[in-house]
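What follows is chain A paired twice: with chain B in the first complex and chain C in the second.
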Partner chain A sequence: MDFWSNPYYQQIAMFIIINAILGISIYLTLSTGQLSLGNAGFMSIGAYTSALLTIKAGFPIYLSIPVGGLAACLMATVIGIPTTRLQGIYLAIATLGFGEVVRVIILNLKITNGALGLSGIPSIGVSIGKQISAMGFGNGAFGLTVQQLGNFSVIVILLMVLAFFVFFTMRLNNSRIGRAFAAIKADDHAAEVSGINTTAYKLLAFFLGAFVAGIAGGLAAHITFYIGPKDFAYHRAVEILLFAVLGGSNVVWGPLLGSVILTSLPEILRSAAVYREMIYGALLVVMMIFRPEGLLSEETIRLWKNKLSRNTPAKAVDVTRRTS
Partner chain B sequence: MLLSLEHVSKNFGGLAALSEVSFGVGPGEIVGVIGPNGAGKTTLFNLITGVFSPTAGQISFREQPIVGLRPHKVTELGISRTFQNIRLFGHMTALENIMVGSHCRTHAGLWQGLWRTRGQRAEELLIRKKSEELLELVGIADERDTPAGSLPYGKQRRLEIARAMGADPELLLLDEPTAGMNESETEDLRLLIKKIQAMQKAVVLIEHDMHLVMNVCERLVILNFGRKIAEGLPEEIRENKDVIEAYLGREEE
Partner chain C sequence: MFWQQVVNGVTLGSTYALIALGYTLIFGVLNIVNMAHGEIFMFGAFAGLVLATKFNLNIFLAMAGAMLAGAVLGYLMERLALRPLRRRASSHLAPLISTIGVAIFLESLALRLFGPQAQSFPPVFPGGLLDFGMFKISYVQIMILAISFGLMLVLRFGLAKTRLGKSIRTTAENIETAGLLGINTGKIIVFTVMLASGLGAVAGVLVGLAFNAVEPTMGVTMGFKGLAVLILGGLGNITGAMVGGLILGVAEVFTVAYGASSYRDAVAFGLIIFLLFLRPQGLFGSQEQQGGR
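Right after this comes the complex of A and B.
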């Protein structure tokens, strides 16, 4: 219980989940073979939209976050129509440029409070805490304070959002649209000739990635009280990309694992003090040399499925085979 | 005419890949397109399927002009093709490859896929069944769950035909389907093309295997340096001087 009630660890757990959601957002665009580095930009649009709606317009948080996601989506349509025609590295550069443009605009707008950023963003934890107090648990319950209970509920909510997106992605993968995505990733031209409107589906993937990133941005804003343009700079875009690079981008579990490792690694390595960043960098280089496809691939998943099914009765084996 | 080409030309910069080519394909007919390497046969397929637009000329399918349509639209209208260098979706299973082929005949969207609505499940079941039948048709039913990339070469060729058939085409364009195949595989392919014809589908076949072409095609179109040099029944073509010259060269005086 000590671990779960420590606000510091709770905060890290929240960041891990938000980063995992960001991992899903890059996975969605990558599932059509598009390397987009615009997810930090979409995240900032979600974060600022949601923060401003709650601060200036008094929107409730549960409404402002989805609106933030939709705003990111809208922006994705505007920039996606020209950019999804680009391929590979060109798309990466264009979307990276887009992220920087968004950052510079935010830096210079009055409403976003420029370089100072927005502070005093209503927090999910605090508002849940208030609810808990109103319900008569003024001194907390289960041996936890109101703040701890609030944080704990935030983690549960974040996990639910993450679980929904994982569910969504897995259902998508096993559907007609998911097959179209996979076909486009495997061979764009063959997919087009096989009757798939590749432009439309690439745009859709871009769109979904932006929406998920926007939601992650909104959640992040309402957890940290403060957001500034620096939070969504170039390093953020690269960090999101690293989730997919480290974890593997062919299965949804890849970026999830990547985000968990990369978010907790700096904390685990905290005792290594100044060498922390060096170890972090060295690990990534080693990774690139020995497992360039990422930690998890389709083969790894298949291997584990087989291992697990070998230990279960024959009937279960049959079921897994049919669903896989 | 199911498909008709009228004075179709295609230039790549200064190079005339095709010039003034005209011919037609009737419903259920098997037409062979032959010619030496570089004669413009694959360019012809690329023009029909909308990969390139012709520099001049008109292409129509079921009396409807199709020039300028995107390739997926052309497929939706009923023209499917295979590639000279096999282009399957390597990581996907054989069955999934064919299911992708029937994409333009199905409708389930994001929402239906997410909640597995009744309509979506029925549709999935239907295309799964249809795809299994196509696996059966091309004779690789036991490779249903094998990733396409790890199939042997001959089976990949067959799978590509099955994928093209997934879109329920009225016209199937086959680009050198027997390339790299041995004699018995080629014979199997001949039977397959006959079966496809029996399903009321027209086939345009680019092929170098003269034995197959002469056996299976009802009519032949011969291209050389981007021009149609002859058209006719296989037995006529066999005797045609220009054709023999294009393939074997001129006899020295």
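Right after this comes the complex of A and C.
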């Protein structure tokens, strides 16, 4: 009970879930073999749209966040149509450039308050807390205060959003669209020759990734009260990429695992905080050398399933190593 | 006013061209975009700065030292982060991600070693200025122009005429055929990475002199500009990198001069996103060379 009522842990749990959603966003674009470094840019569009709608136009939060996602999607149309025709490296650089352009524009616009960023964004936790008070639990319930209850509900809501996206992605993988994605990832040309409209599917993956990133941005904005252009710079894009690289980009659980590890690790290793970026950098190189498919791959999942169905979990300790 | 801006733009553009050449050389031979090039550039600038301030070396010697430091960094990167990947023959995204890792590592290392604040070179040729009436040009600008165009000419000539240059071009054309023809492609790759990194480091010192500021974050910003030039000129195209650099330099200076100074950093990528609509292979790229196809 102590764990769930401690605001520090609650905060970390929220960040883990938001990063997991971001992990799904990069998984979606990577599932067609496209490396997009623009997810931080889409995230910032979602975050700023949602925050501005609530602050300036008085939108309710539950409406502004999806609108933020749609805004990111709209931007993906503008940027995606020329760039998805490009091959891997061109796409990576073009999306990287897109992220930079978005950052500079946000830095210079008046409505986004430039380098100072937006503060006083209505928080989901506080508004839920108000609802709870209005329902007559002003002194809290279940031994928790109103604030703790509010935070707890936020975690539940975030988990539900995450669960929805995971479910969606898994259903997608088994559908005609998912199969097309996998075919494009395995061999672009062979897929095209087999009659798959590769451009359309790549664009679709790009859209979906942007939408999910926009939603994650909106959620992040309404949890932290404050957003600034620095939150969505190049380093953010690389961090999102790391989730997929560390966890594994072939299965949806990979980026989820990556985001959980990479969000909780800095909290555990507080003393090594100054070396955090250095460790991240070295980790990318080491992963690429020894296990480019990430910690979790399709074989790992299959092995685990076999082990579990034979009810011998004790032997399943070191599977991650053996599969490579 | 106009001609003054052109001079400033060409000076700035020549340094961009030098950075972009590093990207292009590595792309040509290895078919990867070296995302750590900007950080090697930044380390070169700091190496030059330390040599010039702590050891009181002449600026030209400091530049040579920086070039050496850049080459050493390039060697280490090739050895530790690129060669192991080539052995495994993994996907084409792996080296890109691996060099991003090197970039993050180097940037945060520079933050630890040199601190976050901008530092400046001791004044070179203080007050030296030539006045042509239509425009003025400082001795520092002349030096930047002379060194970067000099290096570009040497490189151009070296690649076209010397044995080593021909080996590099053969390796870039087709690495397997080059190996069959008796070229030690492993050595050529190492040499090319070192050459590109050395050029990047010299560009670092020149940019440090031009802006009179050297800081750890300059690697990312200038690295991005180099990438933009790379796309602008066409991947793996030497002429494209040179011309693209000059175009970007002039475009940026004019953006600043005519009002939109705060959008300066967006110009580069605005330019390439626009270009990608019209000519995805870049200004000088050929159709079939597109993105490692």
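Quick notes on this structure:
Simple rule for what comes next: the second predicted complex is superposed on the first by the 291 of 324 C-alpha atoms of A that agree within 3 Å, B and C clash if a C-alpha of one lies under 4 Å from a C-alpha of the other, contacts with A are read in each partner's own complex, and residues count from 1 in each chain.
Here, a residue touches a chain if its C-beta (ideal position, glycine included) is under 8 Å from a C-beta of that chain, and two chains touch if they have at least 3 such contacts.
The structure displayed is predicted, hence computed values, not measured ones.
Of the two partner chains placed by superposition, only chain C is touched by A:100; chain B is not.
Of the two partner chains, neither chain B nor chain C is touched by A:160. In the superposed model, A:182 makes contact with chain B only, not with chain C.
With both complexes placed on chain A, chain A has more residues touched by C than by the other of chain B and chain C.
With both structures placed on the common chain, the touch criterion links A:195 to chain B but leaves chain C unconnected. By the touch criterion defined above, A:79 reaches chain C but does not reach chain B.
In the superposition on chain A, contact is made by A:283 with chain C only, not with chain B. Chain contact summary for the complex, chain A toward chain B: residues 168, 171-172, 174-180, 182-183, 186-187, 189-198, 204, 250, 298. Residues 32-33, 80-81, 84-85, 88, 90-98, 100-109, 111-112, 220, 224, 227-228, 230-231, 235, 262-263, 265-266, 268-270, 272-273, 276-277, 280, 290-293 of chain C touch chain A in their complex. Across the complex, chain A is touched by residues 49, 51, 70-72, 75-76, 80-81, 83, 87-92, 96, 99-101, 103-106, 108-110, 112-114, 116, 120, 123-124, 163-164, 166-167 of chain B.
Within the complex, the chain A residues that touch chain C are 35, 79, 82-83, 85-90, 92-94, 96-98, 100-101, 104-105, 107-108, 234-235, 238, 241, 245, 274-278, 280-285, 288-289, 292.
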